[in-house]
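Chain naming follows the written order as A, B and C, and within any one chain the residues start at number 1.
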Amino acid sequence: MSIELRKQLFEQLDQIVLVDPHSHINPLSAASTTLADILGYHYYTELSHSAGMPKDQIEEPGLDPKEKVRRLVENFGPIENTIQYSWFIEFAQKMFGFADERLTTDNWEALYDSAAERMAKDDWEETVLRESKLEGIFLTNDFDDTLEGFDTGRYIPCLRTDDLVFHLAKLTVVERLENATGISISGREALESALDKLFEHFVSKGAKACAISLPPDFAPHYVSDNRADIAIKNILGKGDDAAPNDRHAASNFVFWSLAERCRQHKLPFDLMIGVNRGVYETGVYQGQDLYDSRVSLIQYRQLFNAFRDVTFPVSVLASVTNQELVSYSWIFPNVVANGHWWYSNTPAYIESDLAARLEAIPQTKVIGYYTDMYKLEFGMPKFAMFKRILAKVLAERFVIDRGWSEDRALELGKTVLRGNVESIFGLGK
Amino acid sequence: MSIELRKQLFEQLDQIVLVDPHSHINPLSAASTTLADILGYHYYTELSHSAGMPKDQIEEPGLDPKEKVRRLVENFGPIENTIQYSWFIEFAQKMFGFADERLTTDNWEALYDSAAERMAKDDWEETVLRESKLEGIFLTNDFDDTLEGFDTGRYIPCLRTDDLVFHLAKLTVVERLENATGISISGREALESALDKLFEHFVSKGAKACAISLPPDFAPHYVSDNRADIAIKNILGKGDDAAPNDRHAASNFVFWSLAERCRQHKLPFDLMIGVNRGVYETGVYQGQDLYDSRVSLIQYRQLFNAFRDVTFPVSVLASVTNQELVSYSWIFPNVVANGHWWYSNTPAYIESDLAARLEAIPQTKVIGYYTDMYKLEFGMPKFAMFKRILAKVLAERFVIDRGWSEDRALELGKTVLRGNVESIFGLGK
Amino acid sequence: MSIELRKQLFEQLDQIVLVDPHSHINPLSAASTTLADILGYHYYTELSHSAGMPKDQIEEPGLDPKEKVRRLVENFGPIENTIQYSWFIEFAQKMFGFADERLTTDNWEALYDSAAERMAKDDWEETVLRESKLEGIFLTNDFDDTLEGFDTGRYIPCLRTDDLVFHLAKLTVVERLENATGISISGREALESALDKLFEHFVSKGAKACAISLPPDFAPHYVSDNRADIAIKNILGKGDDAAPNDRHAASNFVFWSLAERCRQHKLPFDLMIGVNRGVYETGVYQGQDLYDSRVSLIQYRQLFNAFRDVTFPVSVLASVTNQELVSYSWIFPNVVANGHWWYSNTPAYIESDLAARLEAIPQTKVIGYYTDMYKLEFGMPKFAMFKRILAKVLAERFVIDRGWSEDRALELGKTVLRGNVESIFGLGK
């Protein structure tokens, strides 16, 4: 009975035109040119490598894309159970009528060639967007991105600030900041002016959010101007030699300053909490990061109390932190639950995390899903996965367990899937 | 199939007359006088505030109750998905024949007036108790509560000890202790006599438990009399200026002394573990507390080993601590799993936590549920939520997964729902 | 519908002949002689004790086995809900045609006698193995086990190293090492030669793994030969008086040296992470250990990076660590998810942990289950529990949620249940 109900709810959710609130799309080349862009992404290379495929076979310099796909397909046997693998198969079936369940050494080449041909057509980007029912996609822009050459109404700028907060000691970062703002970063005040300039640039280009990914031990706190003066002077240009306490003070100061500017420009500040970079030192590109799940949102107590008029859409990397995210979104008006991130973006975790969110967080404070995608082709299968799970949770925990009508459950699904993205990021205005 | 089975199990569980092992009922005004007592409680004010309703609109001094309800109802749209909202709707439907699914600006006033009228009747308290099938409710009494003016057979006294353990440095607390016991608290010995007096008073009034809520980092240990002498002298009357190490020693000493008196008087000592008070500094009244979920029950190793003849009904605030609670109840004879507390009192967490408890903890050591309610009207809907989940877990994990008969599953349900409350708190005697 | 599907999948999984990758079987007396060997095991004594049965009634010196079983049965009422109890009942029903659901003071004696009679037959061990479809069982051998007197093709040696890593300061441990290797342990170099000898002995006897159980705070790191020289000299013979920093250095050195020898001999190194020994000081034998669940696999970062050519089958004691195990197995080629250990070996945790593993870890890197059993009789019921859950997860999350065919789901089940045990532990070679 519940399977029928799920299907009906899914069908209706699947009609909704979507806005993706977080992605890593390059707006100047949003879609893929060959299957190598998709299968060569860390989703598949890290799994093949983990299952035994040597890194140098995958990341051989100058490797022809088609040869790369051939090699990967030969090693895909062990990863056919993964949800990531199912994203590719669903995409290939829906967009290219791929008739099989698995990619094999026999059937991959025909798919590769027909895909390459189709992708070469000018309308491929529009086709993927239309088939995925995506009318807006948030980007993740470096702070010195000129934001030129694309429709910022469709590809919505978002100021990514990891470099500013954690790598200000690097010469390269300061140079980029100086080039982007025309301000010579001599100390705290110059830095603050530069930050103002960045925000003005991004807001003028229609940016709708600021974002940052944070390590598990980050506990942001206010830093006085005096302390910041010293810290920033001490770290500029020092790179790894910068003293830890100065780096710590500078990071907190910059982070706090970003929150102040989010308040000023009314921009939500996406916090993506709990990643440790480069844990697997010799992993494939973008296949090295993991995490320490011993995190608490109490580390953000000062921030949430100090910036009550800044909205913080929060993602947590570990599902064991989801209950705190539910409770902090339940209590703090400025904390919002935001999607299912990376290692928690698989059905078992999405289902349990989403069920807990939908029954305790006010419905206007749950942003259902973002794709985190690097190429447009991932949009349809990843959102489809989420919509199936949303339909399952609505069917089982609202219609069956709590006696809701199908319509009322659908209302909640639409609010979480689309409504809140608009209201929280102020897309209408 | 399983939905039918669930319904049958629920119907039978729903016949059981209950005793609520933990609540915050004021026995001298146990039921509400208007819907404002219910909808004005933090369950709803914290959610409305979190969804955007300004605190001063909710907590305007001298606000007329009906006006307060009108304002809240206007802001209830965003919280209609929450399980807390469903408690109110189920109560209104069952007790006042409320015909709708949602409270709206159109239908709230008629309900408010008919409720006020009904609640004004003398038999309202009896009616609510009868409809909820509640024949006993544990209270949470301040240590200086005279326990006069109510039937302690129905409203069962329980000595709440947070103030004694954590706020002995406050002058107000010592004054209340002196007034309650007639003993001048000059130091450790006087304090111990005062504690004896409190226990004698409570036991004489039929108290069946001692209780305390504990922060996530509490790790109780034995403190020698000499150390306690110094610590207590140092903190008396000092308030916040009391030295941290003395406060720490005094807290542990008082806590250990309470456990000793629980042993002496054969009183279970409810430990409610893992709350951080006042995390959201400007939240609504009672809507400020949250938690750090990085807790382990190994912090209670010394306590459980030292007081093997004291029963500790343990509640954990974070669901990530539930497995430890299951394992420690599986191994330590004096540890008992006690209900689903606050942020873990929503269906998704109750279901997973209960399933883990019922398959690994001896069935005589699982106290199913307590309402933690502040007004009687919450009893029926909160117990109904739990009974539906208990029926679901029994149906799916015992009848279907393990081939149990319906009767055998029902037996387990009755034991957990009522039997253990009697045996563990010695209600029969 | 899904219940039917589950049954079909279970039936087919139940035909598979198994190899148990981790147990505590004594190969010289693998099966029980009376029910006392089974019901007298900590699985049941710790639960009966936890439910109120005094330890001295259970562990009375010289207690006649049948009398022990009588006493236990009298106290089994409170533990009839536990999954451990169901293992015994299922075994009794399948192997002895026990017709009831519960063991009672009326029906236990007939079962005891018929079992004792049957167990006394020479073919009992073969019968149990055949009925359990077990053709290989990994042992847990002390480092000084001569590995004589049994078929190492069936009972597969595995070098257990807890004593070497954590108890080298004990005179008894050094004496056993000296007796086993004929090398006088004067310092680091002698110790290394002794370790080489142990590995050669075990490998010559067909050992297929090395294993260790680790406390929650263990974070292995490289220790230089010089530091090890000092540390080992300082702790030899000192027992508990050995200085903590020297014990710490020695533990890490020995652990690192074991990993080096696993690399050299191509042996997987089973890491069983997260147990605190003797938490309940006066518990029954083997019923004293519990855990602090605040663990992260980032503590093993150095180890996993340093030994990329050693396979680490990892078990975690707490289910809250399972997501990290999934993510680290997803990324690190040399990390493999290994079974469901002890406090996580109950259906609710197995189901959620297994679902998360099967959808994100390459299918060749998930070792489905091990029994951890002490007597052969536990094999059938424990594997049956796992196979039912595996069938449920495959039915619901692969066939229903992801549209897989039954055959494809069955393939995955076989790989996880049997295939990977062979490939990961190199059983074929």
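By definition in this document, a residue touches a chain if its C-beta (ideal position, glycine included) is under 8 Å from a C-beta of that chain, and two chains touch if they have at least 3 such contacts.
This one's a predicted model, so the numbers in the text were calculated from it and none came from an experiment.
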Interface residue overlap between copies chain B and chain C, same or different (over half shared): different
Magnitude of the superposing rotation for chain A and chain B (Cα, nearest 5°): 120
For chain B paired with chain C, centre-to-centre distance based on mean C-alpha positions, whole Å: 39
Residues of chain C touching at least two other chains: 294, 320, 352
Residues of chain C defined as touching chain B within the complex: 3, 46-47, 49-52, 78-84, 86, 101, 276, 279-283, 287-288, 290-294, 318-320, 343-344, 346-349, 352, 388, 392
Touching residues on chain B, where the partner in the complex is chain C: 1, 294, 296-298, 301, 304-305, 308, 320-321, 323-324, 326-333, 352, 355-356, 358-365, 397-398, 400-402, 404-405, 408, 412
